[in-house]
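Just below sit the structures, each encoded as structure tokens.
What follows is chain A paired twice: with chain B in the first complex and chain C in the second.
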Partner chain A sequence: MKQTGPSLISPPIGDEAYKDLEEAVGPEFVTREPAVLDGYAWQPLWNEGPEMWVHRPIAVVLPASTEEVQAVVKICNKHGLKFKAICTGWGALAGPRCENVVQIELRRMDRILEIDEKNMFVVVEPHAIGGQVMAETMRKGLHTHIVSSGAASSPLASATSCVGCAPDGTYMNWSSRNLLGVEWVLPDGEVIRLGTLGSGDGWFCGDGPGPSLRGVLRGRLGAFGGNGVFTKCALKLYNWPGPPEPVPEGFLYDTELELPPHCKAYIMFFPDRKSLADATQAITVEGIGYNAFKPGMGSLLTMIVPHLLHKESWKKAKYLKKAIQAFNYQFLEVLATDSAEELEFQEAVMRDEVSKHGGFMMDMEHTGMAEMIFWTFVLSSNYPIFFKAAGMFITAYGQDESHHSMVMASPDGEKIKQKWIDRGGILDDNADSGIHFMMEESTVSHYEEPIEFDHRNPDQTRTIKPIEMEFTHMQAEHCMESGITSPVMRKMFGPTEGFYTKWQKGIGKIIDPRGCADDYLYNAEPVEGEPLPDDPAILEMTEKLADIATKMAWTEDGPLE
Partner chain B sequence: MATVAESPVKKRLSDIVGSQAVSDKPDVLQSYAGGPGSAPRGKPIATVRPRNRNEVQAIVRLANELGINLVPASSGPPRFRGGTVPCEAGVIVDLSAMDRIVRVDRLNMVAIIEPGVTFARFKAEAEKQQLRVFMPLLPRSTKSALASYLDREPITIPKYHWDMSDPMLTAEIVFGEGDLFRTGSAAGPGSLEDQWKMGLAQKNPEGPAQTSFNRVVQGAQGTLGIVTWASVKLGMLPEIKRCYFAQDDSLERLVDFSYRVHRIKLADDFLILDRMALASALAESPDEIRALAEKQAPYTLIYCVCGYWHFPEKRVAYQEKGISGIAQHYGVRLTNEVPGAGSKRMSEIIDNPSSEPYWKLRLKGGVREVFFLTTMDKTPGFIKQMETLAEERGFPVGDIGLYIQPVQQGRNCHMEFQIYYNPDDEPETARANKLFKEASRAMAGSGAFFSRPYGPWADIAYSRCPDTVWMLKEIKEMLDPNRVLNRGKLCFGEEI
Partner chain C sequence: MTLSDYERDMEGCSRCASCKWVPFNQMRSWRFAKNCPSITRYDFHAYSGGGRMLMGLSMVKGRSELTDEVADIIYRCQLCGACDTACKVYRDDIDLSEVLLELRTTCVEQGKLIPEHMMVIDSLKREGNVLGEPKAERGAWAHGLPVKNINNEKADVIFHTGCRYSYDRELWPTLRGTVKLLLSAGLDVGIAFSEESCCGGRAYEMGFRGEAQNYAEDMLSRVKASGAKLIVTPCADGYAHFRYIYPRMGKALPVEVMHVSEVILHLVKEGKLSLKNEVPMLVTWHDPCHLGRMSEPYLPEWNGDKIMRTLDRKRAGHNGVYDVPRELLKFIPGVDLVEMERIREWSWCCGAGGGVYEAYPELCTFSALERIEEARSTGAEAMATSCPWCHVAFREALAETGDSFPVYDILDLVQQSVGLSPETSEEIQGGERK
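So, the complex of A and B:
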């Protein structure tokens, strides 16, 4: 295992600042013990390259309240330190990305403060995880959207600070759109409460009076801790027609529990990609699906037969691979309805579209797998299994727009993947694990390409950066924004997206006048003179990216028409 | 009135848009002067009618150079709320000539519209492709669809109102110094045409990156930017649409019914009117309205059940059965007609802009509206508060209409009192204005959230959220540093 490099270790926190932190949260809830700090610096997931360490924080504090968060942030301002919040964490995105960072660990703020059953929202603290919220809201016949990082992740973090969606999106929307009232500790330590909450009128609306500050708080992406700490928020809840306390037996895909009344799981297969796009769009706009998505055959293989994918015989199994690819145009529908008649309607629509497009569909009850599929998706419990095949994965592309644009982009993603599979750079999952979710009954659709690799294998880890860069290039070619960005990428692609960095930096200056937040993933400038890695693949892609960014940059009059 | 006939302002504006698109004629200016709700402190000195975004940019840059106050307006008169009436002397940027429906995309159920497109035109165009425009209740015929969406006016179909920003998606904005920007997935890379070639449809409202300026300009009354087009969601045009009613003495019962129907996403259009508002929507003359109101129950819930492009009968049938079960559970009696309207007529009424005269003016010629956001369970309390205030101030309770529109899929609602008065009767006008002011203040104190703070509501709303005011002022400073956009509106005046 690679050791923490000296460049990632900041000078120790000063005694005075440390004492202030102890006074703010209590000495038992702050530490500068190196072994503990390294626990936060070891963030292999979503790290940018083979280096598995992010910057070691200079201290970790565990506040228990908004007031304590404020106090910690103000101490950072006073002593010229930076801060970054971590909640349930999703790898390197939540870890420090620069020197002198106090990591604000929010795990003590884990309460569900209110469930408003009538008005269908829940008020949560940061570390109330999805599973916890789900368990409590299901008792009241309600459910909450949980992103595809799974039930162990924080719904507050998803809605305020990160990005994500899930197969439940068609019924339960996506995170940024589910936000109501919010409590936000700004990087200078002041608190702002958005919408009705700011006026003392409760949690039920996050917008207004007048202009909505939700648009300042986040965009398609959150600021990943770069704009402060979110300490409470209200999230929309949705109807749950199933039992109040589902207690499945078994684990992940081996779950056993009866299907609730009027609930089903179906899988549909289509002859080609276009048919898949047409039919699933038509089905989803009719409001069908409690969970709905296009899984990848490759993803299924990684879950069901992970060892097979490492064998030499698999790599050579040309005809088997072709046969498997024939089933790639599939779509999974988990139906949870309130009546037999509604279920019948939903089934009829699916059957009609499948038939029109020359596909076929299977009622999963006929395969004995319906209960397992239904509960696995409803409880958002399947996602950790993606680690099973190779030990580590990233997802690429990660865009949201019209359904057809997402589905029809996937061949380009598969080509990129196949190239790197052929070079031995990533796990051979047959290059067809691309997934699509649809949100708000198809207002937008999502495309994401999982890429699995062994992070103990340097030959594989060194391919990740160039793969990500290829997908960034593909995004630009497809007129899609550049996604979660580093300072270099923001500088390169900001001009292709209306020079958005100008306005985003303006917001940063307003809320963080002393530059106290760790804003590497939000507004930070690239470090001048930093040498490029000497990897030829990275150098080649850097040139290609610079080229396409220049070609697509806006002028003062807007995009080139 | 001072004119700008030979002024450099008129000349410079004419250089941009042509002399025929600039006016300072008193009768033209008067049409922007506003109604009773507008409380104007400044007067329009000229109007300018740009035809495209380049002209808008040039006008904004000129305003920065000359220090002119620009007041964007898209809808035609009458103007009730004062959002487009200048607080300081200014030039009206009348966007009604920018009236292209740029695109109606059936596959993706989305359209791009310019500010001058009225609901009537938009609806006709969308219906050619079997698509449905989401509309507020009975908009006036001159109402700009884009202005309505920018103002977060509630639409009548809560089920498809997923978020407060709906149905607006992405937008093109000219900020206060003339910078052009596009929001959401429209930001790029690439032009609209490039994006269309890749199958994109300007559907993702979030972004670009870590901001969503579409939300920031919504509700801003033109103070932060001028929107030159927006993409908006469309729905499937129903193959079958049936309208039903539930009349009741008890609003509480209808509220309980409403919660359950929304929870399982059963109905499409869904709203509650009191007898006077319902009669005003159905009848045209004051006598007819009063006579019809007498025949109604105190509260009427109107909902529609729709079947779309697949098995419309099946869809309608399960929804009818589901709603019927809920009604039975709560003791709500459903009918397919009320005095003055059956299912078909009501459906036609709520699917269209208001006929003339505008429905809120039919009873007495004038109206003061008090509207805000709250939750459905709190609506009966606000009604009691209004009735008490009206009685104490000697204003006839029977001359107040009520409209409740669930939004955000029933999580909260737009609650609207319509205080009808005769504008030619000075004492009555004064009583209506007094009630309007006192009710607004009293209800804010009881938790009414004035999310769209027009005119005097700005002081009421912003005095309760100083942190929000601080941030909004900073954002204003960033986007419009020379304060050329609709000066004095919202919290951007001197007094807050």
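So, the complex of A and C:
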């Protein structure tokens, strides 16, 4: 598994392999034109840099069916090539991460195959995007969970391969939990169908009576394409009490459409972090809310007044910043209910808990923002706005633990962020942008710390890797699991989390005997002897991480005391 | 400006894929969720707005070269601007449409020309129009109409006909009827007859800036000499080019430019035209790209970091002409409007723009048929529009497939309501007045 230097350009694909690909999918659906390939290699999002290019694929293919995907995978096996699937391509996780990769672009597999209203599931192909799935399911009074990359992303990709949480998790859980039957092309080209699909009983269950390999196919974070290609899957649907075809005026902040009956948006404020954690946990335990999350005031500023954060006057606005921080213990609740009684119940529970914890809540209709908040969250149309303020963002790896541990850990994240703001490396968003939302019926909370930067500015891109490492260190100190994707870090931290890397590797050897899947982000070994970057900040953090990893490592018998 | 001048815009692409879809708040179905004919037809990322920017970035960074295949991809784009509008929902610092124009110019500068475009340019040089028709016959459509010749008479209003209307005889009844309406409402209208030339916008879109510059200068001098106070055009392409491309080239026209639908609406509101006859019809409205988002007036380049660009300096398609035709349809008794899913800033392109009609008829047909299917899905009996190129794209796509679906210019519906019978081809005699 070799990174090939700054240009990350592999030698060209051989003619014989290319001809085989052409025969598999048709010549018009294969390319090895360098400028076209670079469209798959430019991946600034979730790229720790300093370059924003990932590896250029040696070819891109556009299969139209599971059979064609199989054929492509088998050709890669035959010629000793790697492959990696891409759907909508939200982030560097979707791009090739090593040399000699054939990128399997799944855009031609974009159908919604079935919406089962009675059993509340939808069957999708990879490139049916969230916006499309929502539009069709809402017509039938149903809704689906959309990951917080938004309506442009693929629900299948999120459910099968890549993390998958969002503020709608309070009602619709997260991607991993919504996955039912799956059709999966393994890295050797074999097709396997999971759950009821595997026993010929339809799509409704991922756990049998056919084979249940949901844990294997994605684990918690997902294999980021390292386990093969998922060509169809069924996803759970949930109740949608709003109109079948909501069509707001406007695109984003100009959104205008009345709230549906029995729907509301509330904002609540608390005196301190603990009150926030206690109250919102209690509210969510009661099953309240359709979308719910703790926004950071900094995040709101980046969306609403992005220009302000670049100005010198903002940097010096000490008291204004403090005043804004005073409102940081806030929480947004979007309610969508079926009846006046249900709405009244949900409001009463919220009011009770908010009051009990010394907070206050406000109906957002009083602010004039209720419609915008409600619809942009329900339609997941708001998330790309994070690109607006600086051009790019990254979040310190999302963490999923108990709500209290997440909320109470965020001050440490804010300290790290403030340090890097002070060094001038990232956008000054007041360092209070920690975002939290809950899933798994409130037993799990998600925490992300958005970091806005301009990926076109080398001084800023250089800071991203050290920041990410510093967050990983903080997470380790808090005994959180880490969303680690680099081979070096996996090797370092595998022993702290039950040697999971050994198990993953073992499974990988069985399903991918020739090592054809691009599993750099999931299963790859670090390259021996590869020099570390000469950035002092990275070297310092590497030492700190190695130290804490050693202290936390399990023995073969289990974790240390 | 050159492609390199937009390096920061190209690098700005986060690859979020918003450019491939209608704005997400407006997504109403699986079927009509896509906004870009090119990526919808060809699927590789390079055919999308973002993918095109990344091809440009790759070349600017020296990672790849402008090959014939890359040039072919660059040209398989209608420059309809839907990607730009979608991108700008979230971004202030990327001018996607500008990058696409620069890619065209780069192709021309590096000699990556395609024969079909060369024929258009040759026709422009020889005959002053994009259709290869004789220059001398440009004013033939106006035979017998009491319009002034602005080459030797002063007129308040220059009626710039445009290439397609001037030579497409099937459109002449629409055109002549419209001029009759303007005259009947008391407007002092003049045309340039054979001296009228193409606006040059198509040449600009194809990447031939020098040619476009020549035609802009020609137009500018004619307008200055005429003493006219207003330019009215029925050609949506020309309208967009006058409002956007001319100022971009530093050749802004010194008088107001209006699309004829704007003028007609004005006359109706003033009571100078009476839309009295019932036109019982359920219609859907196709927003031409060049009347809509692409006609948004030019805004000077933002000096400095576009991250700091203010919204009033961001050209995002909102200031195109969308409400005028809808309002006009409301004035026509009996006409009911039913909207398609992809309208206004996120309208689907007919397929004819950017040199695609001339060079890639299959892509043009694909795009037009997609739009017709969307129009049909509304239950409308007919589609109305107000761009001769859209009209022709739909007409030819339907003819090619043997299908039928009524497509009207809004001006036809206005004329029906006014009670003006369309002239037959026998009634329209060829030959220029002078």
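By our rule, the second predicted complex is superposed on the first by the 548 of 561 C-alpha atoms of A that agree within 3 Å, B and C clash if a C-alpha of one lies under 4 Å from a C-alpha of the other, contacts with A are read in each partner's own complex, and residues count from 1 in each chain.
Please note the rule applied: a residue touches a chain if its C-beta (ideal position, glycine included) is under 8 Å from a C-beta of that chain, and two chains touch if they have at least 3 such contacts.
What you see is a predicted model; the values in this text were computed from it and never measured.
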- Item | Which of chain B and chain C A:43 touches, first, second, both or neither | second
- Please name the chain, chain B or chain C, that touches the greater number of residues in chain A. B
- Which holds for A:204: it touches chain B only (first), chain C only (second), both, or neither? first
- Task: Considering only touches as defined above, state whether A:135 meets chain B (first), chain C (second), both or neither.
- Result: second
- Query: Between chain B (first) and chain C (second), which does A:282 come into contact with in this model arrangement: first, second, both, or neither?
  - Reply: first
- Message: With both complexes superposed on chain A, which partner does A:270 reach: first (chain B), second (chain C), both or neither?
- Response: neither
- chain B versus chain C as contact partner of A:88, first or second or both or neither: second
- Contacts of A:255 with chain B and chain C, given as first, second, both or neither: second
- Query: Thinking of the overlay built on chain A, is A:33 touched by chain B (first), by chain C (second), by both, or by neither?
  - Reply: second
- Task: Under the contact definition given at the top, report the residues of chain A touching chain B in one complex and chain C in the other.
- Result: none
- Of all residues in chain B, those that touch chain A in their complex: 53-54, 107-110, 152, 162-165, 169, 179-182, 184-185, 187-191, 193-195, 198-201, 203-204, 206-221, 223-224, 233, 236, 259, 263-265, 308-311, 314-315, 317-318, 321-322, 373-377, 408-412, 447-453, 457-458, 461-462, 464-465, 467-468, 470-472, 474-475, 478-479, 490-491
- Residue set of chain C touching chain A in the complex reads 8, 11-18, 20-21, 23-30, 33, 43-46, 50-51, 54-55, 57-59, 63-67, 69-70, 73, 89-93, 307-308, 310
- In the complex, chain A residues that touch chain C: 7, 9, 29, 31, 33-36, 38-40, 42-45, 52, 56, 60, 62, 88-91, 105, 107-108, 112, 128-129, 131-136, 149-153, 245, 247-248, 250-252, 255, 306-307, 310, 375-376, 379-381, 384-385, 387-392, 454-456
- Message: Which residues of chain A touch chain B once you look at their complex with the stated criterion?
- Response: 118-121, 141, 173, 176-177, 180, 190-196, 198-202, 204-216, 218-223, 226-227, 236, 239, 241, 281-282, 285-287, 338-339, 341-342, 344-345, 348-349, 352-353, 400-405, 408-409, 440, 442-444, 476, 478-482, 485, 490, 493, 496-501, 503-504, 506-507, 510-511, 522, 552, 554, 556-561
